[in-house]
Structures are given as structure tokens and as C-alpha cells.
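Shared between the two complexes below is chain A, which has chain B as its partner in the first and chain C in the second.
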Partner chain A sequence: MGGFFLRQLSTAIPTLMGVSLLAFALVRLVPGDPVLLMLGERGGSEEQYAQMEKKLGLHLPLYRQYLGFIGNAATGDLGKSTLTQRPVTEEFFSRFPATLELGLCAILFAVFIGIPAGVVAAMKHHSAFDYTIMGLSLVGHSMPIFWWALILIIAFSVNLGLTPVSGRIHILYDIPSVSGLFLVDTLLQGNIEAFFSALRHLLLPTVVIGTIPLAVVARMTRSSMLEVLHKDYVRTARAKGLEERNVLIFHALRNALIPLITVIGLQFGSIITGAILTETIFSWPGIGKWMVHSVEQRDYPVIQGGVLIIASMVIFINMAVDAIYALVNPQMKRSR
Partner chain B sequence: MKKAQKLLEVQDLCVSFPTRKGTIHPVRHLSFEMKEGEILGVVGESGCGKSLANLALMGLLPDNADLKARTLRFRGRDLLSLSNTERRKLRGKEMAMIFQDPMAALNPCLTIGRQIDEAIAVHLGGSKKERRERALELLDQMGLPAPAKRLGSYPHELSGGMCQRVMIAQAIASRPGLLIADEPTTALDATIQSQILDLLLRLREERKMGILFVSHDIGVVANISDRAQVMYAGEVVESGVTDEIIKLPIHPYTEALFKSLPGHQKQRQSTLYNLPGVVPNLLSRPTGCQFHPRCPHAGSLCEERDPERVEVLGLSYKCHLPLGEWT
Partner chain C sequence: MERDKAQEEIEHPFLEFWHSFKRGRGACIGLAVVMIFIFLSLFAPLLAPHDPTEIFEGQLRLPPAPFADGVARFPLGTDSVGRDLLSRLLYGARVSMGIGLLVVVFSATVGTFLGLVAGHFGKGIETIIMRLMDIIMALPSVLLAIVVVSILGPGLFNATLAVSFISIPAFTRLVRAGVLEEKKKQYVLASASFGAGPWRQMFSNILPNCMAPLIVQASLTFSNGILDAAALGFLGLGARPPTAEWGTMLASARMFMETSPWGTALPGLCILAVVLGFNLFGDGLRDALDPRLKR
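Presenting the complex of A and B:
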């Protein structure tokens, strides 16, 4: 197992180097001058410009800027935001729990609805239920997210008044941050009302972000189950006289889940890196919204630092997925 | 000689599937009987309906299959009138089945112990400890070395022969009266094949268990079975006592199967006999005798009329021009 992680790490480092270079280069290729933005609308003299440029470290040659960036990054220092003057890592981790909470809810939503739907669709292959599920998942997968979000807001928030339009929790509640996840923190505080407030705020964004993963999980579960149901060992299980329920759960689903783990992991990776559109629409104070704001403000350290953290997280999630994959698939384990 | 009780009675078993191009009938009017403790060999090329017939007996046909039979009785019980649950309780308990590719027939995600335990638990029950002891005993009887260690192994850690022993162990866990062995040695190499055959013969002796042994290899069937039936295109074309079929095949198809065996030809280095053609396409079956397009002796009658089944002296065959002078 140790060797497994070493191998994974050895591929992670070159990937991160590539990501850092790309993030560094891209922010500088985008038109717009952070110095001018910092000087404000009225601009400033040549001297003020040079002074600000020096303060931001942008007077140095590019290669030195880059080496400085990755040199500091290696020690865990991603620089300070040019806007707020707070360290990038601090800014990131103050917003990350919001994204994480939303991401966890969305992936749970996708898994707990998608897997049963896929299993039933596979069992009732070619039935009306099967076609409905597959049709819906195709629609879900191809729908523009911002449109879907707006439709849900109009229906549930505006017309029915069931859910709030934006934010993470009602402004009334002051929740001390323990985990940063409001659902957990409100419960730790024992404040049930606040918990339900947080839950209601989560509802629509969860559905919006979870729709595509839900569609993907349902389709993948179905095709994986269909494949497994034709395997010899499922026939063996039936020939043993096992109850159909046991055949489906322990013999079919158990094996069908193996490829699904990769799919769910990839989906989670893409959710957790910040759903830019959804967070913007629901004013969700997560990293997606933060990154968009930084790009608008040409906040170079935040953009390149943020991208680097997000990339590391995706790499970490993929490593975790590989580890889980190895755990559930005995054929990946070394023979004793 | 005392007449043994009938284990299995099959009359006019037909299996059909609707397809887009019309209904196909992979098994047609299959009739046979088995006595307790008897080994009945079934032989025929791939695509002759052998496996489907087995699945029909087990009640494991796919949902879109249509099963019809005049009689389908197991130990006197009418299988067709049983509910799904009653049928399931019979499966694995009184009639068990082992399959062609033992590596694929075991669940790759579950340990051997877990899979055998499941078979014991569902029909016999008992405490965890009792079931474990029973599993160890079974594996030991199967001749599997170090059974205690094997219980924790996964199928991919075992060889094909070992996997088949595990399959047999879980199949016979609750002492079934009938074991359907669907090409159990086809995926194994020759030495392992003979070990598995010996094992099956020993189990028959010890447990008086009837075995329906299916193979495309007439040599193997000739070795192991008491009686044999030859299937072609979903029908039995010849059946009888194995020794007599070996001595004097009546149907040209049986003869062709024997001639195709390596080592059958008298002189060495002569080319191996090869039966030309393939099993007929089920959507466009030939007229008359199903075998006539490939039969070296076929005449015009064979092309026109489907031969009647002839039953003489315990033999039965379906051919207009039977071989040999056996009258």
C-alpha cells in the first residue's frame, strides 16, 4: 500500500508543476493590468504606477516571478491577495467549507437517487420506467445549468415561496464555525431551527449542482448493472437458489459498483472545485464565486494560487478514488 | 434387477425465443428420463440447445424465453406447476448446477468461503461455526489442498481446476439428487479434466447422485456416462446405453462425432476427420432431417421428410438411413 501511494505521488508532482505554469501563464495572457486596477479609476502618475508595480512584484522578469511563485508555494505560501492583503490560503480555506458542504450534498443527492434509479432501470430493461429514467437523465445531462437554476428559483422560491433565493443560512443565525459545514455546526450548537434554515438554503443549489452527476450516475449504474446481470456468477448465484434480492445486492450490485466508484470520484472532483455558475446564481460564498471575482479584479496571486490548490485537491481526490477502488476490488489486491 | 426410482422425466420440452425476425426454437421436443444415481451424458456441437435445455430444467431461462413441456417432473413433482419461490427452494438444494468456465462462474468480489457459506446458509442454515465446518469438510472432500486457507481466498487466486472444485463443493453442499454439469471440464486442461471426472464419478458412488453431464466432447461423455443422448439442432437424434452407442453408432451425426475424435483414426499421421458445415441457423432451418445438409449418406427422402423417432431395444434414433446392421 505504501508503494501505491509513492507511485501516485510521483505522478502528482509533475502534474502540479504543469498546472502551476499554466495558471501563472494564463493570468498574464488575459488582457487587463492589475496595477491599473489597483490604482483605481482616476489612475496615477508614472511614479505611482512603478511603485505599485514594485509592490505587487510585477516589475521582476517573468521567470523570476514564476520561480518565486512555485518556490513559495512549495513552502505552503501562495502569496497575498492584492485586493484584501490576506494570505491566499487563508482566503481559500475560509470559503472552502461552503463549497465542500454543497458538493457533499450534491454528490449524496446524485448517489442516493442515481444508483437505485439505475438499478431499477437495469432490472426492468426496455420497460417504460427504463426509458423514462434514461430520457430524464439525458435531459438532465444536457440542460444548461444556469437555466435550470433560474427555473427552479422561479418555481420554488418565487412562485411557491418554499426556498430562499440565495445565501447559506438565514441572516438571523450566528453559527460558531467548528467544521465550517453549517449542517454540522448548527447541530453541534443544538440549534434545530438554524439547521433547517441551512438545509432549506442548500436545497436548490444541491439539486442544481447534483443534476449532472445524478444523470451520469444513473446511466452508469444502469449500464454497469446490465453488464453484470449477464455474468456467469450471477447465474451461479441464482442456481444456488439464493433469493433474487440477495442475488441483486451481493452479486450484481457489488460488482457493478466497482466502475461506478471512478465515475462518482470524478464527478465529486469537478463539483468540489467550485461550481462557478451555481455559486454565482445563488450567491453561495464558495470558492467558485471567489475565483470569478478574482479574475474580474486580476488578482494574480489568488487566481494562480487558487488554481493550484484546486488542482491539488482534484489530484488528492483521484488518489483517494484509486485507493478505494483497490479496496473494493479484490483483484487489485496482492495475492497473499 | 430392481427398478430405480425416476429422478427426472422430461417429455416434449420445447424452448423458444421471440426475435425480430421470427420465433426461434433452440430446443425442440426434448424427451428423456433419468434414474436416481444415473449419469446421463448429453453430447452435441455448440449451439445444439444443450445449455438452454439445462437452464430450462433449472428454471433459469431468461425472461423472454418461452418454455413448453408435456411433462417436466423431478422426483415425481411437476416442476411446471411450482411457484417461483418453490422452484428457487429446489434449486441448489435438490437440483444443482455447475458451469463451463469456473473462473467466471464464481463472484470475483467475494471470498470462496463466503460463496460456499451462502449456498449452505440458504438451504441448510445452521450457526456460523457449523457452516464453516461444513464448508471445510466439503472442500476437503473435493480434494482441495489446505481448505482452511482457501476459505479466505478470492477466485482469481485459484486455478481453474480449483475453482471448479469449489463450484462442485457449493453445488453439492445440500446433497442434491441431481447435478447438472454443463461442460464442466471444457475450460480445463486434460489432466485437470480427468481429475474432475474422477471426482464426479466418486461423488456419484458415494452419494448416489444423478448427474446430467453435458459436453461437446463425445470422448468425455463416453468415458463417464451410463447412458448418452446425442443432440443436434435442438433435438435428440440418438440415445441409448453409452457402451452400445460407442460400439455401434446408428445416427450418422454420432458417427461423425466419433470420427472427429483425435486418436480415433487407425493409422497415425492420417488427417483428422472433419465434419463439414455448421449447425443450422435457427431462423432458417433446413427442411426434412435437420442434419441432411451435412450428412454424407443423405438421400432425397432426408431432404423432404423429418424422420420419425424409432425406438428399438432401448435405443432410440431419428434417421431415415440408420447405420449398421443391428437388427
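Presenting the complex of A and C:
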């Protein structure tokens, strides 16, 4: 197992270095002088210019700048936002729980609806239910989620008045941050009303972000189940006279879920993309909205730092997914 | 007699493909949708009742004609500044199909070339190219696109370039995998023994034999390109008003979606229909072209 992990790490590190190089190059690729950009509209005297250049380290040769950049990044220093003058890392992690909460809920939504739907569709292969699920998942897979969000707002917030249109929680509630996840923090505080407020705020964004992962999970579960149901071990289990339900859950589904681990892990990218669009629409104070805002405001240290952190997360999640896959897949065990 | 029979049995590859393609119901629906949108975008100037940017004063946010306040002059109503919605949607089809086409042409050309080089030459070049692709793939697509747009500046063409850029790795990986498989085969070895150079091997011998997955990928890239470019337009980083682009139209109709929901509903439906059409078409292509799935 250790060897497997080391091998993975050895491919992850060059990728990570490449990503840092990309993030570093980013600010240098922007047309115009970054020093003037930092000094702002007012410009500045020559002295101020030299001072800012020194402060940004731009007077050093490029390779020294890059080494400085990754050296600082390794200690968690990604520079300061030009807009707020606060450290990028601090800004990132103050917003991260909001996106994490949304992303986790979206994954749970996709898994807890997608897997049962896929299993039932596979059991009733070629039935009306099967066709409906497959049709819906095709539509879901092609959904422009920014439009889907607006349609849901019109239906549930405007016409039915069931859900709020923006924010994470009603402004009345003051929740002390423990985990940063409002669903957890409100429960820790014992404030049930605030919990339901947070839940209602979460509903629509969760559905919006979860739609594409849901479609993918349902489709993959179905095809994976269909494949497994024809396997010998399922026939053996049935021949032993096991109850059909036990055959399905312990023999078929357990094996059908193995390829799904990879599929679910790969949805992380789709969730970040979803977060960028959804957070902007629902004014959700997370990473996605922050990145869009920084791009609009040309806050380059933030874009640079944000890209580096998000890419590192994607790389580590992919590694973790591969590791889990290797752990649970009996075929991988034998080949090691 | 014998000969006729033999000829009947061996179909032209295209006919063989077509017979297996048209068996898929989804594939045919997809193809029909794709054809309709190609038709609409080609003939938009003839079909559109008005100029897409012409502003009709006092005709703001009219509902589609069948509704109570609708006017026959504007079959699908007008937008928030009084432009004919139908005309804008038709020209929007043009913009979106154009984006899709550009994205496919650009990313398939660059991606295929890199994949061929990586697969054929191997060693250091391969490592560098494939690592580069890993880096691009480590970033979520829309995030990478908005970063590229932040460098190039917002605009329709830059958004298209950004989306093309993020679509490259899929082609490179497919082509490289194909090349690695093909280059061991006898016809490539035979050709090499006749003195075929690397470029001839790559382009005339190997590439035509790994086309099938590329065609499928092109169809999926087309739909993703339209979707991502519309998302950029929606975020205000793609096409700029008054360009009739569906994502941008959605964004500007958003403020009025409570009072005039059709301005929001229709462009989104168009995006959904086109993307769904291309995805169905792509799935159909995969089923028909992939020999492993053939019955």
C-alpha cells in the first residue's frame, strides 16, 4: 500500500509544480504593468513605483521570483489581495466552509437519489421507470445550470415563496462559527429555527449544483448494476437460495459501487464549476463567487492563489479517490 | 451471381455505420435536433422577422404572440429593451453554433497534433506534453476558462479561445492512446520498412485508424463548448451586449424574470436543446462506431 501511495505522490508532485508555474505565469501574462495595476488608477511617483516593485519582488530575476513564490506558498503565504489587503490564504479559508457545505450537500443529494434510482432502473430494465430515469438523466447531464437555477427560483422562491433567493441563513441569526458549516453549527448551538433557516437557504443551490452529478451517478449506477447482475457470483448467490434483496444489496450493489467511487470523485470539478455559477446567482458567500468577483476586479494575487489552492485540492482528491479505489477493489488487491 | 452476393454482404463502411447508427432512437432524435439548429443558424437572416439588434421603442418585454398582450409582429415577444426575441434567438443559434465549431476545430487540431507527437515520439516529449495536459485537467473547466478570460480580457472571441484551450487535453489523451495501440501493428511496421517518415506515419497511416473516438469526442466537445461559452456569457465574461448570445441574453433578462419569465426561459431552452441534441448525437456515434459495443 505504501508503495502505491508513493508512486501516486511521484506523479502528483510534478503536476503540482506545473500548476504552481501556471499560477505564477498567470500574473506575468496579463497585459500591462502589474506594478501600475497595484498602484491603482492614481498611479504614483517614481519612488512609489520602485517601492511597490520591491514590495512585490518584481525587481528580482524571474527564477528567483518563482522560487520565492513556491517557497512562500509552501508556508501558506500566497500574498495579499489587492482589494482588501488581507492575506489570500485567510480570505480563501474564511469562504471555504460555505462552498464545502454546499458541495457536500450536492454530493449527498446526487448519491442518495442517484444510486437508488440507478439500482431500480437496472432491476426494471426496459421498463417505463427505466426509460424515465434515463431520459431525465440525459436532460440533467445537458442542463445549463445557470438557467436551471433561475427556473427553480421562479418556481420555488417567486411563485411558491418556499425558499429564500440569496444568502446562507436569515440575517437574524448570529451563529458562532465552530466548523463553519451552518447546518452543524446551528445544531451545536441547539438553535433549531436557525438550522431550518440554513437548510432552506441550502435547498435550491444544492439541487442546482447536484443536478449534473446526480445525472452522472444515476446513469453510471444503472450501467454498472446491469453489468454486475449478469455475473456468475450473482447467479451463485441466487442459486444458494438467498433472498433477492440480499443478493441485490450484498452481492450486486457492493460490486457495482466500486467503479462509482471514481465517478463520484471526478464530480469534484463539476462541483467547483457549479459553485462558480450557483454562488454568483444565489449570492452565496463562498469560493466561487469570490473567484468571479476577483476576476472582475482584476485582483491577480487572489486569482493566482485561488487557482493554486483549488488545483491542489483537485489533485489530492484524485489521489485519495485512486487510493480508496485500490483499497476496496479486490481485483487490485490480487494484482499488487 | 456469386460476386453479386459477396458485394451485397460487404457494405460500404459509411453505410454500415449508418445502419447501426439509425437503430438508436436517441441518436436519431439527436441528429434531427442538430440538423434543425444547423438549418436555423445557416438561414437566420432569412428566417428572422427583424434585425436582432433593432430596438422597437415602447415595445418592451412583450409576451409571445399567443398570450394576452402579445403582438403578431413579435412572435416570441420582445426583450427588456424592445428587441424581437425570435430574431435574437435565431441569431443566437448562429453565434452558439459558430462557437461550437470554432472550439472543436481549434481544440481538435491542437489536441490531435500534440497527441500524435506524444504517442509517436514518446520519451521526453511525451512526458512534457502529457504532464501539461494533467495540469490543464487539474483545474475545473469553467474556473480555468474565467482565468484565461481574465488574462485575455472579456469578449466573445476570447471566451471561445478559453473554452478551446480547456478542451485540448481530451483530444490529446485519446489520440495518444490510439497511437500507442496502432503503432505496434503490422501495417505501421510494414510502412516503416518502406521508409515512411514520422510525419507520414503519424498523419497518413496512424491517424485515420484512430478517428472513431475522435469523432465522438468532437461531438461532445461541441456541446460542452456551447455550454461553457454560454456560462461565460452569463457571468459577463463572454459575448457583450448587444450581441445576441444565449448566455448573455439570459443574464440581461434575469432582472425581469419575475414579470417576464419568457425572456429567461427561451434562451435557456435553446441552450438545453442544442446541448442535449449534440450529447444524444455523440452517444449514438459512440454506439455505432465503437467496435467493442457492436452486437
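Everything below uses one rule, namely that the second predicted complex is superposed on the first by the 285 of 336 C-alpha atoms of A that agree within 3 Å, B and C clash if a C-alpha of one lies under 4 Å from a C-alpha of the other, contacts with A are read in each partner's own complex, and residues count from 1 in each chain.
Simple rule for what comes next: a contact is a pair of C-beta atoms (placed from the backbone, for glycine too) under 8 Å apart; a residue touches a chain by one contact, two chains touch by 3 or more.
Since the structure is predicted, the reported quantities are computational estimates derived from the model, not experimental observations.
Peer 1: Determine, under the contact definition given at the top, whether A:Ile276 touches first (chain B), second (chain C), both, or neither.
Peer 2: The answer is second: A:Ile276 touches chain C but not chain B.
Peer 1: Spot which of chain B and chain C makes contact with more residues of chain A, would you?
Peer 2: Ranking chain B and chain C by residues of chain A touched puts C first.
Peer 1: Per the contact definition in the header, classify A:Val328: touching chain B only (first), chain C only (second), both, or neither.
Peer 2: In the superposed model, A:Val328 contacts chain B only, not chain C.
Peer 1: Quick check for you: in the superposed arrangement, does A:Thr75 touch first (chain B), second (chain C), both or neither?
Peer 2: neither
Peer 1: Applying the touch criterion given at the start, work out whether A:Ser45 contacts chain B, chain C, both or neither, answering first, second, both or neither.
Peer 2: neither
Peer 1: Scan A:Ser142 for contacts with chain B and chain C and give back first, second, both or neither.
Peer 2: After superposing on A, A:Ser142 lies in contact with chain C but is clear of chain B.
Peer 1: Taking the superposition as given, does A:Thr236 touch the first partner, chain B, the second, chain C, both, or neither?
Peer 2: First partner only.
Peer 1: For A:Asn255 in the superposed arrangement: first (chain B), second (chain C), both or neither?
Peer 2: Touch partner of A:Asn255: chain B, not chain C.
Peer 1: I'd like to know which partner A:Thr15 touches here: chain B for first, chain C for second, both or neither.
Peer 2: second
Peer 1: Touching chain B and also chain C: which chain A residues?
Peer 2: On chain A, the chain B and chain C contacts do not overlap at all.
Peer 1: In their shared complex, at which residues does chain C touch chain A?
Peer 2: Chain C reaches chain A through residues 26, 131-132, 134-135, 138-143, 146-147, 149-151, 153, 223, 227, 230-231, 234-237, 247, 250, 254, 257-258, 261, 264-265, 267-268, 271-272, 275-276, 279-280.
Peer 1: Using the touch rule from the top, collect the residues of chain B that touch chain A in their complex.
Peer 2: Listed in rising order, the residues are 58, 60, 88-93, 96-97, 99, 101, 104-111, 118-119, 122-123, 152-154, 156-157, 167, 170-171.
Peer 1: Would you tell me which residues of chain A are touching chain B in their complex?
Peer 2: Within the complex, chain A contacts chain B at residues 231-233, 235-244, 246, 250-251, 254-255, 258, 328-331, 333, 335-336.
Peer 1: What part of chain A is in contact with chain C in the complex they form?
Peer 2: 11, 14-15, 18-19, 22, 26, 29-31, 138-139, 141-144, 146-148, 150-151, 153-154, 158, 268-270, 272-273, 276-277, 280, 291-292, 295-296, 298, 303, 307, 310-311, 314-315, 318
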